[in-house]
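Report on the structure given below.
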């Protein structure tokens, strides 16, 4: 806190910033490079193996498979349903019914009830 | 009947221990000092023999092994607190395998595995984690719906303070007395936590005493209940408890945490964790964490705690006249606590209108040996009137007894640490 | 252990005892106080909200709901059944049938069996 | 609406904190120095009173307790990150129970239970274990099928480096600035890990800031998205992602681990564990271990991490002008990060053919507040075109943002440790 | 066929290691000493480059990374011990990411996360916890019903003692030789535990050797079995095992614990935990604890143990001529152990009446690579007579082999610690 | 490593080897002894108890029960099926369908999905 702006070695700050940001990009660009290459390599491998085994390499084997838009939408919908916050609004529901289940500061017996009773809800 | 046999066996055994050991057990080293065997092989066999348990066994070890086996027997045959007595019993066996020092075997040897696992006991880390799980499995509804029954959980702490005075009278040092007194709280983790802070050398004795008597609650309490209540009192039927809303159940751990810890901050590790666990259970949005806390986490800690507490009863450390005294005080503390709860319930009845009168038997549940003391009350209630179900009413003093003993332990720590 | 009764500072002992026991009571009495008050506060809040929303506050909304005695009894019965010790008496049942399931001191394969086989019992 | 109220309440509260505490909160010790009460009982009561929270409470404690309760309220009422805010909120309560030192209560007192549990935070042990579980629950398919979207996860790290410069400008020491900057990564474990290595005294403030803003992502991001994108851009539909083979999914963690760690070895504890967890998940032969890592293990660590990070906000340590500045920087960092992602997406579009153009809104998901920022994008997408589901596309920048911030944190550690 | 390829690849790789590394791998530091770059940016890039793995990589690192990838490949492709080889393989990768010291990255650097997690290996804490879980998942019925087959588990410990003599002959120091010998026990946790006590610097090599050969049991054992038994012997059918009562199954761990530990107290951490786990499983009243011990607890420990044991193979420490020798000794020990079991079974047959004769192949299961060596026996049995199921008979020597190696390890510790 | 063969105290080595190997045998022989004895003891106990309870001790009560060979075979077969390595061969199956389930580096919400969604196969 006793550092003042004019004391700070700003060139160092900028170096860290620029080098750091660049490296993050480099790392992910390298990953991109590898993963753009991979399907081709794996496919090549597959083709070769199929050839060896005497099977006919179909023309469309090399094409990438895409997930249809409707499937996409259906999934997204299902997910958004799950992701939705479902608030249990306050309701004076009788909750005393499981009063003594599961409790045991020192007693070990009640631990076992969890195994016997059906799971909570 | 079976239960009386059990009690007498326990007491007989304890008496035998004191007689046989005479307060200090000496090692029966059967190994001669010099062996002039010329052959290297005989020498090797001799070296091996010196390290065996057969060569180093003491009568103390054998006594403790019998005690350990007896604990395991009680757990399996009579289902007395099996989740605690099986690990503790096995721990007693492991702690009393005779060994030569220097091989990192014993629980008190630095660098041994048992010693590392014992760290969580010695530093009071395991008990709060147990309380976290307990909080996550406890339903405080009965207590919220009928708060005045909490007083019974407070009254039963007479066991704690009575034992404190008793321990001082029996000549214990004041910190030791404070640690021993918490046996009267009938809460294993609370007793172990307090001992670890006030008198670490007594952890084993205090824990074993506490768990033994808690396992024997169904044997100890009924006669006291019958002695201290009239037939008419035992027949009292109580108003059914009020339903509790979700908001109340969420507010309970928050208010409980702030209120009790502002009064007794030294109880923070215990009560903080208890109410934290309960909040996770009741808030409805962290069920996943509560589930882990009340299953796998508490299981792992129970295994480690039980095993190492058992192993800490290594005969050379455990079989002392102190341990005997602690067992005597423990029995007294359970009796006092039960009586305290019963008596206070009767006093409360003096001030209550007829339709609100409480069945004084539920006072016995204030000792908080949850849920066994509540079950004892239910049992006694049904004996007197087969339609009088007291279990739910007894749960309120029962769980408040847990809070009460933690506050009491906090007070002891405040005054003595 | 070398402390004798006459050396002990008994006034301190009694102070700890009395103050301690009182404080335990105080703590729980405060909790009682709060929790006797709470249903009233929550109810008040509920009434106000209902009023705001234009709904009619029914006469019995303020009454506390009690759990009926029979329900109480039924629950207690169910509980006592669960709480009962159920001892498996010794019976020369053939138990060798799962001899090699689940075992593996060093082998990792068998760990996975637990996921495949139905849970124990 | 409700959400705006929330934001304003948070900001108002923070302002109040700074005004009330005035930068340094002093203990309001109400206890007089000498009490000439003759009676021992009064003395005892006095001793008790001295140790209570009521006697030692400071305005700072009260402020923090309100903050803790507010966190818990947000979690329960609005479901904002409940698994994190409930433990952290309760931790704040526990950390601000007023106490007298010397009883092993406080998280900063050696020998206290909280202090032992805090060890895992202080030494950076918990965050990698959280990452292990995260790896075991994350599906990287979206990223593998469309690798170029990873660039958006890199671009959003502008938040990190922008905050670094900002923190220096606001007068923080360079190591502190490095630790604070990681708030811009929008990853709790990464931020805590970096702080533990660079500026352990700021762990509490940094963690609280990071988690607060992450909880508020659904409030912070939408206006920025709308400000920085045109209606036409928001309507862009993207090609459905390619299906991913099992081999690719197994190779991903292995290649990712080697590549990123060769570039930034200091990120090893975080990225090593993340990819290890993912390998266990995808390899198909260790499902049992992956299941444990993503359920019980991560739950236990989440409980301990949340509770102790919360407790580390003990008012006497936390309520400083530094904390206020960190909160301001945190808000800025989230805005910069979001803008960085959006901007880069727009730049990318300049170089892409029409059928390959990306919807720039998914750039906002690069901040990696998974999965909330992706949900925000999905939400905004549907608002503009109810048939445009962007969730899956947004997951790629979202998870690559996690890798990006870990690499960025590794860079900070390399330069500053 | 596939399996032979695997074996040859392993051996070839190991040979390559020794050739390439020449006993001591030197760092190929590509960084020049002085860089006279005037620009701060270039300096910054240079600093960054100095810390990358690319700049610090050694041929040793690369070799070990290939080994790690190969382990993971074996686990996924051939399902060889995946729960162990995936964590160990990933650990090898993490341990061989090249780094500059001083950033708390390496497993041998104080303060690093890996170093903290390695503590449980170094102090021998993880192996007993693994044994706890193993006890809780093992059914000892086959052994109880046919106790004399236990002798085969004892006989196979020839592998341990033969390796001990061999290690001494190859010039190892006596404590090192003791640690190495336990590879012959074919029990990972036992080998790691013994190494941690006798020769901590060899933990990595010993563990890797033990797990490698255990994974290769289906490749190593069949030729030895065929070599040492006649066709006629391989056709012997055995009497079905007797049924076992619940009481016997409860008494087994108790008697086993007391008996074996009185004979060899130094085996307490291993055998105590093994029998404790088994008691929890069989006693019928602690199923909850046993379930946790054999699932989540053992999973967590397996993850941590595997990862850190793998990481302990940091090239600078691991790639020595010692490691090569240990691998050679390991191969020998598995062969000796198998032969020992087979031979003793043939000797036993000399003293048994016709209807009681045992199929000598089950002697091979005495090495205790459970359950793989038992499966090998079953497989070989079916090859000779498709109706001859030996699996259950082979389980008895198989599990007694575990007890046998733990006793043998205890003896080594008694004599050498 | 600086120890040479002629410096090593070989008599000690052989002592450890012989004593060690013998002790392993002793330990397991003792266990064998106990477990050969046990069924007889338990049986004796059972007979005595049955007598006390006035029940007729059947002649074959003392005989050990054996598991029939066919059962044995069936069990072994079932086990070998379980033990078989079941490799999932590479198959270009669409796996993107659960893209966003379970993920959350810092978000706690998604943790809860595991409780809602059915367990992963």
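Side notes on the structure shown:
Each chain gets a letter, A, B, C, D, E and F, in the order it is written, and its residues are counted from 1.
Note that a contact is a pair of C-beta atoms (placed from the backbone, for glycine too) under 8 Å apart; a residue touches a chain by one contact, two chains touch by 3 or more.
Protein names from UniProt, one per chain: A, C, F = Oxaloacetate decarboxylase, gamma chain; B, D, E = Oxaloacetate decarboxylase, beta subunit.
Computed from a predicted model, the values in this text were never measured in an experiment.
Summarising the inter-chain layout, the chain whose CA centre lies farthest from the centre of chain B is A.
By the residue-number overlap criterion, the interface of chain D with chain E counts as different, with under half of its numbers used by both chains. In terms of residue-numbered contacts, A-D and E-F present the same interface, as over half of their contact pairs agree; the other options in E-F, C-D or B-F do not. Comparing the chain pairs B-F and E-F, the larger number of C-beta pairs in contact belongs to E-F.
Set against the C-alpha centre of chain C, every other chain centre is closer than that of E. Think of chain A turning onto chain F: fitted on CA atoms, that turn is 120 degrees, to the nearest 5.
Spacing of chain B relative to chain D, judged by their CA centroids, is 40 angstrom.
Taking each chain's centre as the mean of its C-alpha atoms, chain B lies 16 Å from chain C. Once the centre of each chain is set as its mean CA position, chain A and chain E turn out to be 34 Å apart. For chain C, residues touching at least two other chains, in rising order: 12, 14, 16, 19, 23, 65, 67, 71, 75, 79, 83, 90, 92, 94, 96, 99-101, 109, 111-112, 114. Touching of two or more other chains is recorded for residues 44, 47-48, 79, 82-83, 241, 243, 245, 247, 263-264, 284-285, 287-288, 295-296, 299, 302, 371, 391-392, 411, 415 of chain E.
By the touch criterion given at the top, residues 40-41, 43-45, 47-48, 285, 287-288 of chain E touch chain A in their complex. Only residues 44, 47-48, 51-54, 57, 65, 69, 72, 75-76, 79, 82-83, 86-87, 90, 93-94, 97-100, 102-105, 111-114, 116-117, 295-296, 299-300, 302-303, 307 of chain B touch chain E when the two sit together in their complex. Residues of chain D that touch chain E in their complex: 123-125, 128, 132, 197, 250, 254, 257-258, 261-266, 268-269, 272, 275-276, 279-280, 283-286, 288-289, 291-293, 296-297, 411, 413-415, 417. Within the complex, the chain A residues that touch chain E are 11-12, 14-16, 18-19, 23, 111-112, 114-115. Chain E makes touch with chain F in their complex at residues 77-79, 143-144, 147-148, 150-151, 153-155, 157-158, 160-161, 164-165, 168-169, 171-174, 239-243, 245, 247-248, 251-252, 255-256, 259-260, 263-264, 322, 371, 375, 378, 387, 389, 391-392, 400, 403-404, 407-408, 411-412, 415-416.
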